[in-house]
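Heads up: the structure comes next, in C-alpha cells.
Labels run A, B, C, D and E following the written order; every chain starts at residue 1.
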Amino acid sequence: MLAPVNVSLESLNIMTLAPMLIPIIGALLILIIDISKANLDKTLYVMISLLFLLLDLGTIVDSAGIFTASGIVMGVFDMMLIDGLAILAQFIIVGASLLFIPLALTHSRFHEFSYPEFFALFLFMISGFQFMVATDNLILIFVGLETASLALYTLIAMHNRDKSFEAAVKYFTMGALAAGFFSFGSMVFYALTGSVEINQIAAVLAANNYADIGYVLIGTAFLLGSIGFKVSLVPFHTWTPDVYEGSSAALAGYMSIVPKIAAFIIAMRIFEFLIHSGVVWLEVILYVGVVVTMTASNMWALVQSDVKRMLAYSSISHAGFVMAAILIGTTQANSALFLYWILFSFTNLGAFSMLWISRQKHLPQHQRTDHSYDKFAGMIKTSPIASVIMALFMLSLAGLPPFALFWGKLYMISSAVTGGYTVLALIMALNSAIAAYYYLKLIVYMFMKEPVVGNDGHVYVINATLALKSIIGFAAVGTIFAIIAVNPLLEVITTFVYNSGY
Amino acid sequence: MFEAIAFYLFAFLTISMFFIAVTTSQALHALTALAAGMIFISAFFFILGADFLGAIQIVVYSGAVMALYAFGMMFFDTTRDIKEKKGNSAIVFGLSTLAAILIVVIFAAPMVSGTIEALYPVVEGAGNTQQVGLVLFTKYLVPFEVAAVMLLVAMVAGIVLAGKKMDLSLTLMSDDEVMKLKNEQNKKVLL
Amino acid sequence: MELYLYIALFSPLVGSMFAALFAASPKTSIAGIVPSFLLFVSFVASTILLVNILSGGDVVHVEMMTWMATGNLYIPFGFVVDQVSVTMMMVVTVVSTVVHVYSIGYMDHDKSFNRFFAWLSAFVFSMLVLVMSDNFAGLFIGWEGVGLCSWGLIGFWYHKESATWAANEAFIMNRIADLGMLIGLFLVYWNTGTLQYDEAFAAMPALAPEVLTWMGIFLFIGAMGKSAQFPLHTWLADAMEGPTPVSALIHAATMVTAGVYLVVRANPLYELIPHVGLFIASLGAFVALFAASMALVNRDMKRIIAYSTLSQLGYMFVAAGLGAYWVALFHLMAHAFFKALLFLGAGNVMHAMHDELDPFKMGGLKKPLKWTFIMMTVASVALAGIYPLAGFFSKDLILEVSLIEHHYIIYSVLLFTAGLTAFYSFRLVALIFHGEERYKIFGIHPHEAYKFVLIAMSPLLLLAVIAGSFKMTYFEMVTAVLPATEYHVHSVMMYWIMTIGTQLFVLLAIAFAYKKYANNAIAIPDGSSKMENRLCYKILKNQYYIPYAYEEYFVKPYRELSDVFWKHIDMKIVDASVDGIANIFYSTGEKTRTMQSGNLSTMLKWMVAGTVALLSLAVVYGLAVRYSDEIMLILSGLGVQ
Amino acid sequence: MMEIGLNHYLVLSTILFSIGLVGVMRRKNLLMLFFATEILLNAVNIAFAAISHFYGDLTGQMFAFFVIAIAASEVAVGLGLLIVWHKRHGNIDLEHMSTMRG
Amino acid sequence: MLDHILSILIFFPALAGIFGFVIQKDSIRAYGIAVSAIEFALALWLWFAFDSSVSGMQFMEQIALIPAFGINYILGVDGISLFIIILASFFTLIGIASLGETKDEKNMIITLLFLQMTMIGVFVALDAIVFYVFWELSLVPMLYIIGAWGGPLRVYASVKFFLYTFTGSLIMLVGMLFMAYFYYQATGTWSFAILDWYRLILPESFQLWLFVAFFFGFAIKVPMFPFHTWLPYAHGQAPTIGSVILAAILLKMGTYAFIRFSLPLFPDASVFYMFPIAVLAIIMIIYTAMVAYAQKDIKQVVAYSSVSHMGVIILGTFALNVEGISGSIFLMIGHGVVSGALFLLVGVIYDRRHTKMMSEFGGLAHVMPRYATLFGIMMMASVGMPLTINFVGEFLSLLGFYEQSHILTLLAGIAIIVGAIYMLAAYKKMFFGTVTNEANKNLPDVNKRELVALIPLVLITIWLGVYPKPLLEPINNSVEAIVQLMHDKSITEEAKSRIPNLMSDIEITRTSMQEVH
C-alpha cells in the first residue's frame, strides 16, 4: 500500500510559483471580463496586461532578492528551480513583453488586438516561457514550451491574413516535429539515467563516466534538433523568415527575443554540462553550427528585398552569435549571452517597432511586401527623425559603437577570446562586417535615395500613436545610452550567472 | 513467452497500421489505420503494466483526438482520394531509413549503465492508477497544472481560430470599414 | 657684415614678392624696375662682402633661426659668406642684375611681364640660398628652389606645348638627381651626425672609405642633374624653350653650375676619395666632347649655346674632379660672364628676327645689329679661349691641370674639344652675322635692341674681356678655403709650346668655321645635301638618339606601365579581389536562398535532414569511441601511429 | 530473442518514429501530416512506458502522460489553424502555402 | 575648464550639432561657422595651454564607464595628437566656411559637426575601447556625406568605404580584446587603458599575432597597399568637403594609431615586420604614384597621391627612430594641409564645370591665374618642395628610415620623382596650353569664399615649411618618450639594436662631458 504523503506547506516554497501564476491570473481575468462584457476597448486589455506584467516583474525582483540572499531556491517538490539564469531570463521575457504590449495601441486597427483572447493568450504564453526557464525538469520544460508555443501560433494566426495563417501553419507543423524530437531526446536521456531532471542526468552520466556515449549523443542530437529549431540554428531555421514575415512586425520583433531566450536557457542547462564533461562531439557540432548559422543567415540576409525578412535572417545570425556563448561555456560567455540579449532586445524591438508604425493596411501598387526596402527610399527627406532613429537601430544591430549591441558583441567576442576560441572570435567579428552590409543597405535607402513620388512621409508613421512612439523613444534612448547601463548590468548578470554555477 | 508473442504481434500490427497511415492515399484509410495503431499501442501500455496510461491512450487518442480528426476530415471534405504530388521519395525514405538504422545500431547495443536507481519507484501492491495519482499530484503537480493551462490555451485558441471571430479580417479592412463594423456590433449589443 | 649678408640674400626675395603682387595684373614696368633695383642692392651688398673678404675680414657666418630639429638632427637656417660663396654671390648678382635689366627690355611686349620678374627674382633668391647656406639641407633648399624657378621659367610661355613639356622634363630629371643628393645627405647625416658643412667635413676623415665613396657618388649624382651631365643632360637643350634671359641666367651662368659648386664646396670629401674625383673628371671630359659634338651640327642658335654650356660644364668638372677646385670655380665664374653675354646677344638676335632660331635663316646681321655682333663675337672669342680674354685663363688652366696630373687622355679630349668649341662658336657667329642676308626672304626687318639693354649688357662684355686678369687675386682669395694647388707646367718651354699650340689649334678651327660658313653661298639646309645624309651627321643631329631613346625606353614604358597598373592591376586584381570576396558572400546567398523554397515539406525535410546528419555524426563518433581499441589495433596494423 | 528487453521496445519505438518521420516528410495534405506527428509522439510514448517498466520508475509514465496531453492540445490548435486556412482557400494542401520564400 | 577641455572639445560640436536641428535652414551656415570657430579657438587654446616640454600625456581625464570590464573614459593629449586635433578643428572650420552651394545644407553641417566630434575623439582617446568607439563612429558621418552628396557611384563608394574599414577594425577589435585579456592574465584586472598596456611586455610570438590584428584595422584606414582601393572610389565620389576631411584627417587616424598602438605595444613585432611593411610602403609610394599618373580625373590623381604620401608616412613611422617618427607625424599634418587644400582646389573647378576630367580643361592658367597660382603652390608642396610643409615631413621620414635600410630608402625616395611626374603632368594638362574648350573661356577665378579657405592653407603650408619648430618640438618630446619606451620594452636583440636607446645617448654624452672636464 502506498503511504500517505505528508508535505509541509513551507517546504513547497509556493512563492516560487508566484511569477508564473500572475500572468495566468491576468489571463483568466481577461477571459472573465470578456465573458461578462464584450466589445470593450483594447486599451483596457493592454492596461490589464501591463499591470499584471508589472506585478510579475515585481515578483521576479522579489525572487531575485531571495536569490541574492540565499542562493538557488527549489520549490514545489523540487520542480521549480529559481536560479540566476531563471531570474535573468524571466527579466528579459517579462521586460520584453512589457515593451511589446503597448505596441498593440496602434493607430490603425488590426485584427488580433481587437479581441481580448489575444491578450489572454499572450499572458498564458508568458507564463509558459517562465515555467520553461524556471525548472530543470524536462517534463515541465516540455509542457511550458508547448503552452507558450501553442499560444504563440494562435497569436500569429490572429493577425488574420493569408500570410499569417501560412506562417502559423508552418511554425506549428515544424513545432510539432520539434516536439517529437524533444520528447525523443528526453526519452533517450531518461533511458540512460532514469531521470528527467537535468542536474540528475548530469550527475548520473558523470557517475558512470559517460560509458554510453553513443546514447548520450543520440539524445543530444535530438535535443539539439528541437532546441535548434527554437533558437533557429541552421538548418532548423527555415521557419524563421517566413514566420517573421507572416506575423505582424511587432510580434515578429517579440518572437526574435522572448522564445529564443527561453530556448537559450534550456540549451545552457542541457548542453553546458555536456561540454564541460568533455563531450567533444557536441563542442564540434556546436562550433560548426554556430559558424554556419552566423555566416549562412548573414548571406541570406544580404539578398533580401524586404526589411522585415532581412531582420528575420539577421536575428537568426544574432542567435547564432549568442549560441557561441553556450559553446564557450565560461561564466563570462554566459554573462555575455544575457548582456547581449538584453541589449539586443532593446534594439531589435526598436527596429521592429519602427517597421510596425509604418505598417500600411493597403500596399501601394509598386510595393510588393509590407516593408520592402523601396518603401524607405529617401525617408530622411520626409521624416528625418524617424529615419535617424531607424538608422540608429540598424547601426546598433550592426554592432557599431557606442550603440547598445556593440557592448554585447564586445563582451561576447571577449569571452571567445578568453575562452581560447580565437578563430571563433575572428569569425564572429568578420560576420559582423558581413552583417553591416545589409543593415547599411537600409540606411542607404533611407538616406541616399530619392523618395518615391507622392510619398509625403506620412507612411512611415501611419500607425504611430503616443504609446508606440514612447516605446520607440525608450528603445532609442536605451540604444544610445546603453553604455551607462552596461556596467551595472554586467555586474548583476555576472553575479547571478556565477552564483548559479554557470 | 506470452509477453514475447504479444510484443511481436502488436509490434507488427502497430508498424503496419502506422505504415498504412503514412503511405495510403485514402484519407479515411489513414485515419482508420492511425486509430487502430493507437489502440494497439495501448496494448503495449497494458503489457508494460501502465494501465492508467493505456486507458488514457484509448480515451484521449482514440476517443478525443481521432474524433476531432474525423470531424476535421468531414469539414475539409478530404474523404475522397488525396492527390499528393510525389516529391522526391528517395530523400524521404533515405533519411528515415538512415535515421532508423542509426538509432537502431545504438539501441541494439545494451546500455552499460544497466542499473538505474528509480527515483519514483513502482510500489508493489498498489494499483498503477493509484501510484500515478500519487506522483502526479505531488511531484508533477506543477506540470499537471501547466498542462491544464495548456489545454485551456488550446481551447481558447481553437475557439478563436475556428470560430466566427476570424471570419472578417480587421487587418485587411480599411479603418473606416472597421469603424462601421464596430458601430453595427455595438448596435446589436444594445438591441 | 651680417646686415649686408641679409640684404644680399633677401632683397631678391623682396623683389620677387613685389613683382608677384602684380602677377595677375597687366604689365607695369615698376614690376620690373623694382626687382632689378633690389638686385642691384643685393649686388652692392655682395660686393661689400667681397671687399670685406678680400681685405682679410672674417668669414661671415650667421645662423638665422632653427629650421628642423628633432632627435639628434639639428638644421638651422645658417648662412656663410666665405671665399667660395662670395665668388658665387658675385657671379649670381652680377649676371642676374644684368639679366634683370636686360629683361625689362626683352620682355617689354610680353603680357606676363610682371610674373616673369617674380619668377626671376625668386630664382636669384633660391640661388643665393644655395650658395650661401652653411649646411647641406640649406643647399638642398636652394637646390630645389632653383629647380622650381627653372620649371616656372622654362615653362614661362605655358601656352606652348613644347615649353611646358621642357619645363616638366627639366624638373623631373632634376628630381632624379635630387634623389641621389638626398641619399647623399642621409649618408652624411647618419655617418657624421650633422649636416653642417664644417662639422660634417671635420668628421669625414674618420669614416670608412666605402662610406665616403658612396657619399661622394650620391652627392655627385645630385650635381649631375643640376649641371646636366650625361646621362641627365637632355633637359638642358630642351630648356631653351624658356625666354632667352632665363637661358642666360639659369641655364648658362648660375643654376647649371650649382653642381660644380657642390663639388667644390664638398672638396674635403672629394679630397678623400680621389677615385671618385677621377670618375668625375672623366665624365666631365666625356661630356665636354659629347656636348661639343652635338653643337657642331645643330641648327638652333640657343641649343648650340646650350650645348656649349654643357661642354664647358664638363671642363669645370674635369678641374673639380682632378682636385683643382679653385680652377673649376674660376672657370665657372669666367664662363658665367661670357656665356651670359652670348645668350643675351642671342636674345637680341632673336628679338630682331622675331624669335627665329635657325641661324641658317639669318646671315649678314652684323650691320643692323652692330653692338650685338661685337658682343657675341667677343663672347665667342672668350669662349674659344683666345688670349687675353677670360676664357683663355680659365680654360687653358684646366688643360694644364689635366696635363700636370698626368691624365693625358683627358687632356687630349679637352684639347680636341677646345677646337670643336671654337669651331661651333664661330660657325654660329658666321652664320648669324656674316654672309648673305638670308632673312630677307622672310620679310623681317631686324633692328637693334634698346639702348639700355645694350648698356646693361656692357658689364658682362667688360668682364668677359678682363675677368682673366683677376686670376692671381682670385687664387689668393679663394685658396683660403680651397686646396691651394698651383698648377704650373714644370718647364717654361713646355708651357709655351702648349699654350701656343692650343691657341693655334683654336685659331685654326675658327678660321675653318669662317671659311665654311661666312661665305655667301650658304643655303638653308633642306635635308638633301650629302653631308646631312651621312650617318654621323644624323647621329649628331639627333643628339645621339638619346632623347629618342629616353622617350622610347623610359617615358613610353612608364606611361604604359602606369596604365597597366591602373587598369589591370589596381582595378582588375586588387580592387576586383576585394569586390570578389564581397561578391562571394552575396552570390552564395543568392544561390542558396532557394533552400528557403517556402514549401513546408522542404522545410520539414531540412529539419529532419539536419537531425539525421547530427545522428550519423553521433553514431560515427559513438562507434569510434566504443570500438576505439579495435580501431587503434587496426590502425597500428596498418602502420599508422 | 524471446526474452523481450528494453532494447526491443526502444527499437520498436525508433521504427515507429521513423515511420512518423516518413509521414512528416512525405505528406502534402496537412491533415495527414498531422497524423504523422501523432505517430512521432506515440512512438516515443511506447519507449517511455517501456523504460518506466524496466526501471520500475514512474517518471516515464508521467512523461508519456504529459506527451498525450500535449498531443491533444496540438490537435486542437492545429485543426483550428487548418479550419481558418480552409475557410479562405478551400484546401489544406501545403503546396498552396508558399507565398513567402527566399 | 582647462581640466575638461578635451571633453569639451569632443562633445561641444556634437551638442551643437544636436542643437543645430532646430535652426532655420538659412541660418545654419552661420551657426556652423560660429560653432566650428569656437571649436577651433578651443583647440588653439589647448595648444596655448599645452606644455611643450612635457613628453607625457596632458589634460588627462578619467571617468569610469564599465569598470567591471576595465573600460574607462580616459582622455589625454600629447605632442603626437595635439596638432592633428588642431588640424581637425581647423579643417572643419574652413570646410564649413568654404562650403559651396549644397543641397540639404543643414544636414551637411550637422553631419560635419558630428564628424568633428568623432575625429577629435579618436585622437584624444587613451582607452582602447573609447578609441574604437570614435574610430568606428567616424565612419557614419562620412558614409552619409559620401552617400548623400556624392557623385553617380556614391552609394557603391560609401558602402565600400564603410564596409572595408569596418571589417578591418573588427579584426583590430579582436586584437584589442586579446590585448586586454593578456593584461588581465598578467595583472588580474581588466583594462583597456592604453597607458596601462604600455607597461605590458608581451612575448614576441604574441606580439607578432596581435600586431597583425591591429595592422588590418590600421592598414585599411591608412590605406596601405593592397587595401587602398576603397580610397579612390571614396574620393572620386565624395563631395569636396568630404574628400577634404577624409584626406586631411580621417586617413591620419590609421597612421596615428600605428604610432599610438602598434609601435609602443609591440616593439619587437614592429621590428620584425618593419621590412615587409616598408616594402608595402614602397609599393604604395611608387605603384600608386604610377597609377595616379594614369588617371584621367584630377580628383583621382589627388586621391592616389594621398595613398602615395601615406606610404612615406608609414615608412617614417617604421623607421622606429625619433627622426622618422617625428617626420611621419609632421608629414601627417603636412599631408593633411596639402591634400586638403588640393581637394578644395579640385572642388573649385568642379563647382564651375561639374567635371573633374582633365581632358576637359587645359590652359586654365590663362583664365584663372589666381587659381593656377594657388594650385601651383599646393602642387609644389605636394611634390615636396623645400620650405613647404610636406618637405619637412618627407625629409625627416626618409632620413629616419635611412638608418634602417639604405636600399629601401633609395627606393622610397623615388617618391620625389614619381610624385613630380604625376603632379606636373596633371598640372600641365589642366593649366598649361591654350584654352581649347569653349566652356572654359569665361570661368570666373577663385572667389572670396574660396580664398577664405585657401589662403590660410597656403600660409600654413609655407609657414610650417619655413618654421616647423613650434610643431616639431612638442612632437619630438613625445616621440622620444615613445622610442625610449619601445627600446625599454623590446625583448629581442634585433629590436634592441634597431630601436635607439635615447637614454644611453644622453648618458654617454654626459659621461664624455665629464671626461672632458
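The rule is simple: contacts are C-beta pairs under 8 Å (C-beta built on N, C-alpha and C of every residue); 3 or more make two chains touch, one makes a residue touch a chain.
Just so it is clear, the structure is predicted and the values come from calculations on it, not from any experiment.
Asks: Which neighbours do subunit A and subunit D have in common?
Replies: B, C
Asks: Given the touch definition stated above, what is the smallest step count connecting subunit D to subunit E?
Replies: Shortest path length, in steps: 2.
Asks: Per-chain C-alpha centres versus the global one: which chain is nearest?
Replies: Nearest to the common C-alpha centre lies chain E.
Asks: Report the chain whose CA-based centre is farthest from the CA-based centre of subunit A.
Replies: Computed centres place C farthest from subunit A.
Asks: For subunit B, which other chain has the most distant CA centre?
Replies: C
Asks: Sort out for me whether C-E or B-D is joined by the greater number of C-beta contact pairs.
Replies: Looking at contacts between chains, B-D has the larger number.
Asks: Please work out the Cα centroid separation of subunit A and subunit B, and write it as a whole number of Å.
Replies: Each chain's C-alpha centroid was found; their separation is 27 Å.
Asks: I'd like to verify one number: the distance from the centre of subunit A to the centre of subunit E, where each centre is the average of its C-alpha atoms, in whole angstrom.
Replies: The mean C-alpha positions of subunit A and subunit E differ by 44 Å.
Asks: Per the centroid of Cα atoms for each chain, what is the distance between subunit A and subunit C, given in Å?
Replies: 76
Asks: Distance-wise, how many Å sit between the C-alpha centres of subunit C and subunit D, to the nearest whole number?
Replies: Distance between chain centres, rounded to whole Å: 94 Å.
Asks: Where does subunit A touch two or more other chains at once, residue-wise?
Replies: In subunit A, the residues touching two or more other chains are 139, 143, 146, 150, 153-154, 157, 169-170, 173, 177, 191, 194-195, 214-215, 218, 241-242, 303, 437.
Asks: Please list all residues of subunit B that touch 2 or more other chains.
Replies: 87, 91-92, 95-96, 99, 102-103, 106, 109, 111, 116, 118-119, 131, 139-140, 143, 147, 150, 153-154, 157, 159-161, 166
Asks: Could you pull out the residues of subunit D that touch at least 2 other chains?
Replies: If we look for residues of subunit D contacting two or more partner chains, we find 6, 10, 17, 20-21, 24-25, 27-28, 34, 55, 57, 59, 62, 66, 69-70, 73-74, 77, 80-82, 84, 94-95, 97-102.
Asks: What's the complete list of touching chain pairs for this entry?
Replies: Result for touching pairs of chains: A-B, A-C, A-D, A-E, B-C, B-D, C-D, C-E.
Asks: Along subunit E, where are the residues that touch subunit A in the complex?
Replies: 64-69, 107, 129, 132-133, 136-137, 139-140, 143-144, 147-148, 154-155, 158-159, 162-163, 166-167, 170-171, 173-174, 177-178, 180-181, 184
Asks: Going by the contact rule set out above, which residues of subunit C touch subunit D in the complex?
Replies: For this pair, the touching residues of subunit C are 593-594, 596-601, 604-605, 608.
Asks: What residues of subunit D sit close enough to touch subunit B in their complex?
Replies: 1-4, 6-12, 14-23, 25-29, 31-32, 34-36, 38-39, 42, 45-46, 49-50, 52-53, 55-59, 61-62, 64-66, 68-77, 79-84, 86-87, 92, 95
Asks: Residue numbers of subunit C touching subunit E in their complex, please.
Replies: 23-24, 65-73, 137, 140-141, 144-145, 148, 151, 155, 158-159, 161, 164-165, 167-168, 171-172, 175-176, 178-179, 182-183, 185-187, 189-190, 558-559, 561-563, 565-567, 569-570, 574-575, 578, 582
Asks: Please give the residue numbers of subunit B that touch subunit D in the complex, ascending.
Replies: 1, 3-4, 7, 11, 14-15, 18-19, 21-23, 27, 30-31, 34, 37-38, 41, 44-45, 48-50, 52-53, 56-57, 60-61, 64-65, 68-69, 72-73, 75-76, 78, 82, 84-85, 87, 89, 91-93, 95-97, 99-100, 103-104, 107-111, 116, 118-122, 128, 131-132, 135-136, 139-140, 143, 147, 150-151, 153-155, 157-162, 166-167
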